[in-house]
Amino acid sequence: MTPIVEVRDLHKRFGELEVLKGIDFTVAEGEVVSIIGASGSGKTTLLRCLNLLEEFHRGDVLIGGEAIGYHLRRGQRVRIGEREVARQRAMTGMVFQAFNLFPHMSALDNVTLGLTKVRGMPRPQAVELADHWLDRVGMLKRRDHRPSQLSGGQQQRVAIARAIAMSPKVMLFDEATSALDPERVGEVLETIRSLAQEGMTMVLVTHEMRFARDVSDKVVFMEDGRIAEQGPPQRLFLNPESPRLQAFLKTSSF
Amino acid sequence: MDWTYFFNEVVNNRDALLHGTAITFAVSLIAILTGTVLGIVIGIAVTYGNKPLRWPARLYIDIIRGTPVLVLVLATFYVSAAVGLNFNAFQAGALALTLFCASHVGEILRGALQSLSRGQIEAGRAIGLTFDGIFRYILFPQALRYALPTWITAAVEMVKASTLLSVIGVAELLLTTQQIISNNFLNMQFYLLAGVIYFLIDFAIEQVGRFIGRRLDQPTRRTV
Amino acid sequence: MNYHFNFAPILEQWPLLLSGIGLGLLLALVSIAIGSVLGLVVAFASRAPSRWLRSLAFTWISILRNLPILVIVLFLFFGMPQLGLSLDKITSFVVALSLYASAYMAEVFRGGLLSVPQGLVEAGQAIGLTSLRIKRYIVLPIMFRNALPAFGNNFISLFKDTSLAATIAVPELTFYARKINSETFRVIEVWLVASLLYIVCCYAITLVLRAMEKRLVLEKA
């Protein structure tokens, strides 16, 4: 079976600085993969390459078997056109650290925008689907609220609904709870956990070690632009092989 | 189009043009300098004054800023004569621009002072400074720094507004231009020339303002 | 001082004064509408990838902001006919004020564009919107809301600038004030009334705009 996400020899530079130095990993259908590592190790950049918010310079990213972002023309890597990029981005759903809800729209319109403008769904159908997902994340009662009227945790749940309503092949979470007040973290983690249990394929960049241990099928530890170690959470958290991971886990709180 | 004729006319009228430009400079400078002094008083009154001080200052700012400068110029010119003040056009015009400039500066200073945090006043009190001391050593220097770039932009506004004095007969650059045009009918060329001169003056002031603004943005003292 | 106030000769002319204000407001409205459209184009050009387009935008803004509006008005009305472009006084004034407004509105919109967080653009990209749609559904609506207070200030400035139309005999409020001034010699009264009318109008515009801002400006999330 083809993996949902396949990353092969991925390299990425910011100017002179190489932040990804050859990344290989796969995510199978229904799998939940957590990427952990110190800040600056390249985890967020890796995630942003998966939906082309960052360009990359070498290697391939395949989503559902389709190479994204580039194609070969006479042996040259060429960036694909804007419409194609937009289509490929919609294959993944992204949840941002800062929620990034559209402040001038209600929770409902935040969710329906992509459905009507990208998926071309008629409005009544889009509203029905949006209501379904808002209900699923526990936000149906506040569908007509503006983001400024919602707490951080509520905003993030709407953002999850906005991403997942597009029926992506994989959901990407970029430190989805880092900007939240401590008492709001739980509700968002709970939402993510229940989606995971339903079989949604996910890649999470997270600092929540306990959560990563509990929900992941696989954990990827990044160090200085490379994957230092990957495997099932039990092994990585209980018997880390590399001294780097051992040191990292010692300084992380559970 | 006969550009040689135009160039000859510029040369023939160069003294008048220079004189007009000088008047423009003079009246703008008077307005900016006296207007700034008056404006600082008004700005302080409106920010920190007690009620009998604050209200007239606020009213002054709102009235002047709510009136078009042209109306201010015309009103000053006609009313000063009607009440028996024997101002000539230059004096009346300079007065109008000064009043206008003062309301601008007052508002700029108010904005700058109010942007400073209350914590600084409290910190000043905590080390035993009186309000006078706090204002003189803490608030005013900061407000000045903050307001300087905006103040220089206000100078551009003054130069632009000085053109309105042509309406009451002050022979500044624009009226001089109109007088020259009435002799040679080179409307397009001479208005263009006036435009270029005004642009150069204003652009120069604007660049000075940008330069000072950039300098002020940088920390004045580096930590070693 | 022995001056006897007599407002009657001025107040008798209220239909003229009122039509003067009406024309002034109309001139300001038309000019800010045209100026906003132009200014929006200039604002986008000032952030375009092409360096040539960017410097064109900045030159446009710099020239118009540093010219006295009266010089622009006179140049267009008296100078342009020499190039074979004769406009009637009202059209000519509207063109002048619109050009002038476009530079200021371009600055307003530029600030508004910069105020739209990059994260929202990325959120739009992430759900698969093309850049044109991101502009239309996300960037522009937020920009307009953020730009509203500055837009209001510019509208008030433009309304006051309509007084300059008097110099080319456009019959707005200042034109009538001068006319009544020379016909009645009630000098103090006429200028008091004229200033007061401008102040009241500016204040009324401020109130309307504040009400709009309350409804439209976005609180920080």
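Each chain gets a letter, A, B and C, in the order it is written, and its residues are counted from 1.
Convention: a contact is a pair of C-beta atoms (placed from the backbone, for glycine too) under 8 Å apart; a residue touches a chain by one contact, two chains touch by 3 or more.
In UniProt terms the chains read A = Amino acid ABC transporter ATP-binding protein; B, C = Amino acid ABC transporter permease.
If you're wondering where the values come from, they're calculated on a predicted model, not measured in any experiment.
Chemist: Hey, which chain is the most central one here, using CA centres?
Modeler: C
Chemist: Sort the other chains by how far their Cα centres are from that of chain C and give me the top one.
Modeler: A
Chemist: At what distance in angstrom does the C-alpha mean of chain C lie from that of chain B?
Modeler: Chain centres of chain B and chain C, defined by C-alpha means, are spaced 21 Å apart.
Chemist: Starting from the mean Cα coordinates of chain A and chain B, work out the distance between those two points in Å.
Modeler: Once rounded, the distance between the two centres reads 55 Å.
Chemist: Distance from the CA centroid of chain A to that of chain C, rounded to the nearest Å?
Modeler: It comes to 46 Å between the two C-alpha centres.
Chemist: In their shared complex, at which residues does chain C touch chain B?
Modeler: Contacts found on chain C: 1, 3, 62-63, 65-72, 74-75, 78-83, 160-164, 166-167, 174, 177-178, 181, 187-188, 191, 194-195, 198-199, 202-203.
Chemist: What part of chain B is in contact with chain C in the complex they form?
Modeler: Residues of chain B touching chain C: 1, 62-63, 66-72, 74-75, 78-79, 81-84, 156, 159-164, 166-167, 174, 178, 181, 187-189, 191-192, 194-195, 198-199, 202-203, 206.
Chemist: Given the complex with chain C, which residues does chain A contribute to the contact?
Modeler: 51-53, 82-83, 86-87, 89-90, 92-94, 96, 98-104, 113-114, 117-118, 146-148, 150, 155, 159, 162-163, 166
Chemist: Touching chain A in the complex: which residues of chain C?
Modeler: 117, 119-120, 122-131, 133, 137-138, 141-142, 145, 218-221
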